[in-house]
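Here subunit A shows up in two complexes: once beside subunit B, once beside subunit C.
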Partner chain A sequence: MADAIAVKGVRAAQAAPPPPAPRRLRNGFAPAVPGLAFLLLCFMLPVLALLLRSLTQPQWGLQNYAALLATSTYANVLFNTFAVAGLVTGISALLGLPLAWFLAVAPRFWSQLVFGIVILSMWTNLLARTYAWMVLLQDTGIINNFLIWTGIIQNPLPLFGTMAGVVIGMVYIMLPFMVLSLRGPLAALDASLFQAASLCGASRVQAFTQVFLPLLAPGLAAGGLIIFVMSLGYYITPSLLGGAQDMMLAELIAQLVQTLLNWGLAGAASFLLLVLTLSLYAVQIRYFSPRRGKEG
Partner chain B sequence: MRRVLGLGVLMALGTALSAHAQNSMVFTSWGGTTQDAQKKDWAVPFTAKTGIAVVQDGPTDYGKFKAMVQSGNVSWDVVDVEYDFAVRAAQDGLLTPLTLTPAETASIDPRFLTPDAAGSFYYSFVIGYRTNAFHGAQPKTLQDLFDIKKFPGKRCFYKWSAAGVLEAALLADGVAPDKLYPLDLNRAFRKLDTIKKDIVWWGTGAQSQQLLASGQAPIGLVWNGRVQALEQEGAPVAMSWDQNLTTGDMLVIPKGAPDTAAAQKFIAFATSAGPQAQFATDTGYAPINKGSLPLLDKAAYAALPDAHAATHIDLNMQYWAAHRDEIAARWYAWQTQ
Partner chain C sequence: MTQAFLELRNIRKNFDSFTAIDGVSLQIPRGEFVTFLGPSGSGKSTTLYVVAGFIEPSAGEVLLNGRSLLGVPPNHRDIGMVFQRYTLFPHLTVAENIAFPLRVRRRPKAEIAAKVDEMLRLVHLSAMRDRKPAQLSGGQQQRVALARALAYDPQILLMDEPLSALDKKLREDLQSEIKRIHAETGVTVIYVTHDQEEALRLSDRIVLFNHGGIEQIGTGEDLYQRPASAFAAGFIGNSNFIDIEVLENRNNIGDVRCPDGSTLSGVPLMGRTQTGKAQIMLRPEHIRLTAEAEGIGGHVTDAAFLGDVMAHTVLTGWGQEIMVRTPRQMFMGPPAGVGDAVRLGFAPADAFLFVPH
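Coming up: the complex of A and B.
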């Protein structure tokens, strides 16, 4: 491996001049009209209607938002939502980085095989995958039965109907997004940088934390943000694998709409979710957008 | 040729569509084996008798229900809903009053009839358990259901805020059946707290079957028809009817339903003695028509809540409709704590 790294030359790409500005298209707005009209009618208007409902039902005012933030139930739900999204993002990064690294350095055959497995899991039906986890995680499921049979544990681990179950099921679903986000940056990584680092006296740990990680930061941030935002609004997996104590925001919204018919509060909860998502997106654009990074 | 053929197909389709619009209605229920039986025992003979086709839709969704009525764009004619929702929806003006004849009205069990809703079927919450889970004595009473020492393991309960679980907790805590209402919520939640960490929630009937069949929860408070279905499949489960808690599903017509006349006819037919008896035979859920029981054979009768009327307790749906929101707020707050 070290030889392979050594023969690679210094890449000139870092110093490449910026691409020429594209020629201005005339009347560039017109082709976007159908798509924009669709978004306006089918997305923006309903969102505004929902926002209006959260402010008008049962009467004018911010009472729904006050209830959402002041009631301990909803505070619990918000905490659960962030805890699960954070754990899923962190674990996906910890598992995804070595996996993406393997894909980048493994022989072509193995790399393609593993990549195929990663992609295949994404293409399988979400419900089917989640029900499969139910079978695996139950007290009488394969995992617990195996652990008890080997004598590692006496009583079944509480994997089903708990936050642990939700996190396991969601990491499995989100992992491919992390791997895909890291694949590009890893492929573009110049291996000679590590040699340079070690020539300058950096230890392996220093090379990892001061060269490797900063270069991958945009990929990690992009993957992490996709996963975090998707997790915030996730519904099926938490509702099937979680218990009542682990309710997340999307489940709460569904319950408010379908069971309690409290659409004002549902609107407030949906709007809160939307605002959280958009602010995270704004953070990404501001700090992690690759183009900005190069300009700055 | 192709063009002519295409035109012919279009015309035929047009005729079919307009016939469909004139002579059909939409029935919405919860799916699964229950709706299969409703289709076989109610919709098919109804179509044969009246010529009105019945399109099946589902599952019932109260949010959709309310949205349809409020937007004036209703696509459902008859909907199978839970009893407390039926009472609540009538209060909120979401329903069309029924036009049953005096004879039809008289034939229906008055427990399951309101001016805006007629019973679909009724059922009991029973104690379902695995017969191979406990050594020695088998669970029998609601006290047993809450007794972790005598009957260890997870127990499953209905997830949503609805009549049943709170009543069971109070009865297990020693409240007399005639003193249940108004519900002492503090006492009920205190009792539920004693087993909270051992509760697994089921959100659908199918889930309750899965929990019992897999052994994830060897005991639970479940619908009688679901345990019966498991028994018939040969799963090692049984049920105790001690203090079984009865409530019903109701048939309602949303306000502004496209074909109210057909909907009224359908409800009159579905709640009549014959179709009710046939549905009970197929599902183990009880008929709400007083004339149905004599039509049943012995085995079908033995599986029904009616055969265990001596030990059953009626859940008070008027109370639930009046306190639905405040109980729900406490229920979900307690659940997420």
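Coming up: the complex of A and C.
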């Protein structure tokens, strides 16, 4: 009897007609030709030229890549790049999650006000914002002066020209991307899900780690990926707020091209950056794409 | 009476100026299936959420086995609940959803596996164990939710209109499923619904809520046969209310006058009034259409053949529509059609008398 009903359940589930597949537009290729041609000429060809240079200058071989990974200065730059990108991503997630939570649960007025502030900061000119941080982070800047005035510190903190300054400046720029990525998934959460978890015996911590975080994982992954990838190749903020010891990959490429005229090494560094970015993107598509769960 | 399993003592809940629950007292023995029935806003769901621990009452006491539940957080109350909306965890499979309450209690793996199998068998969903909730129908999701709520052998199972999102056929299937599961597990159930048919079908006892208070407690038959108030009579089953005047009271049996001037003798007054204005309630199945000269006169405005019964609507001389249901075997001759003049006959003893407030 039990089996009969279970089988009936299977049939019922299978009998439900699949939702009609959206009709694909046909002949979509022709209108896309100008755009594709533009990308081919201005993106794909230069990338290939860059790859070629990295393999041929000054001679054929992988010596540029070997130099990039083996020379301690360059390896250091790679490490710095990953460290800054990782820190910026992590801190943005830690700050962005409560902020996005506030946007989801706060009364409409406050939610819209705070969201407006977040968006406004995104729309403000990047250079203006970075210069503002230069002023704030100086040894005699507002932050250090204030901390000394309150007596918390005696000597100014090394904020400007250090990795700390770069991370602060970049978190400020990247935070909105995390908030935007989490806003949708948070708004879609059903409060009764947490009531159910609670009645099931879950403590607040268990409900947070076993229900809340897994449900937000796609949003966190999407926001994290955007921020990590953007941070890997970031140039303006690190070059204005960072110091010589904390050089990042984009700065190195600029220096190699503009000062050292070493196109082969610059090409290798650029190509490395591109490969890193694409592999991270592939990971995100494989594991966190929102479509995956639905197709199951 | 011995100590009740679950007892609510004079529960009140005020939201700002609005009183959601106004002094609810109730005792529920172990293993009983109790339904909170009432219209929306009657306080039935609020009372359920007080038991669950999501709403702190403004006054009163909730006792389980004689111990107060107030101040005990929901995750320590040992109560299972099935919600109106589908609340399965979307990132977990069916089996993982059922295992969730056991996992957070850190039960041994083998015990969890055995219990999940048992629960899947109980709700007849063993074949679905590795599916995600989004791949299940609404009815299947609620069955999984039921399995999840029962997996940890809770003291009480709360159900908050769990079938209201399902269509009628599926709802009836699940009602019998819920009844069977109650019988198999013996768990104490509090079931909230606004659907009187569902309440009658499922419950040992029905608690009828109205305006934040309890209107009547009893079995379905109690509520139907002996409604304590006009509200109870109107909410359970179909009913016709007719304004009347009690002319004379002889030992609690009255002579009354109907709006068309006709009089009836032998209406039980149930100690509710001496003389004066009142209402009588008549069940549609207690009225018959007659061609005799006595009874309330009217003409048929609607006639529908419903298989086992014939349903008529009769417009009386004073302009009130009266519902009449005649069982199939009582049809005498061709049933009355629309426009026919008829008379409504009933036994005075079948009339319930209420005095409107």
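Here is the rule we use: the second predicted complex is superposed on the first by the 276 of 296 C-alpha atoms of A that agree within 3 Å, B and C clash if a C-alpha of one lies under 4 Å from a C-alpha of the other, contacts with A are read in each partner's own complex, and residues count from 1 in each chain.
Basically, a contact is a pair of C-beta atoms (placed from the backbone, for glycine too) under 8 Å apart; a residue touches a chain by one contact, two chains touch by 3 or more.
The model shown is predicted, which means the values in this text are computed figures rather than measured ones.
Peer 1: Kindly classify A:S192 by the partners it touches after superposition: subunit B alone (first), subunit C alone (second), both, or neither?
Peer 2: The second partner, subunit C, only.
Peer 1: Once the shared chain is lined up, is A:I285 touching subunit B (first), subunit C (second), both, or neither of them?
Peer 2: So A:I285 meets neither subunit B nor subunit C here.
Peer 1: I'd like to know which partner A:I153 touches here: subunit B for first, subunit C for second, both or neither.
Peer 2: A:I153: touches no partner chain.
Peer 1: Figure out whether A:C200 sits in contact with subunit B (first) or subunit C (second), or with both, or with neither.
Peer 2: Touch partner of A:C200: subunit C, not subunit B.
Peer 1: Who does A:P214 touch here: subunit B (first), subunit C (second), both, or neither?
Peer 2: Second partner only, subunit C.
Peer 1: So which positions on subunit A get touched by both subunit B and subunit C?
Peer 2: none
Peer 1: Quick check on the complex: what are the subunit A residues that touch subunit C?
Peer 2: Subunit A reaches subunit C through residues 2, 5-7, 9-10, 12-13, 16, 190, 192-193, 195-203, 206, 210-211, 214-215, 217, 293-294, 296.
Peer 1: Quick one: which bits of subunit C touch subunit A in the complex? Just the residue numbers, please.
Peer 2: 52-54, 73-81, 83, 85, 87, 89-91, 100-101, 103-105, 121, 124-128, 131-132, 134-137, 140, 145, 148-149, 152
Peer 1: Which residues of subunit A touch subunit B in their complex?
Peer 2: 71-73, 76-77, 80, 134, 138-141, 160-161, 239, 243-245, 247, 255, 257-263
Peer 1: Give every residue of subunit B touching subunit A within the complex, in rising order.
Peer 2: Answer in residue numbers: 61-64, 66, 154, 159-161, 199-201, 203, 210, 214-216, 325, 328-329, 332-333, 335-337.
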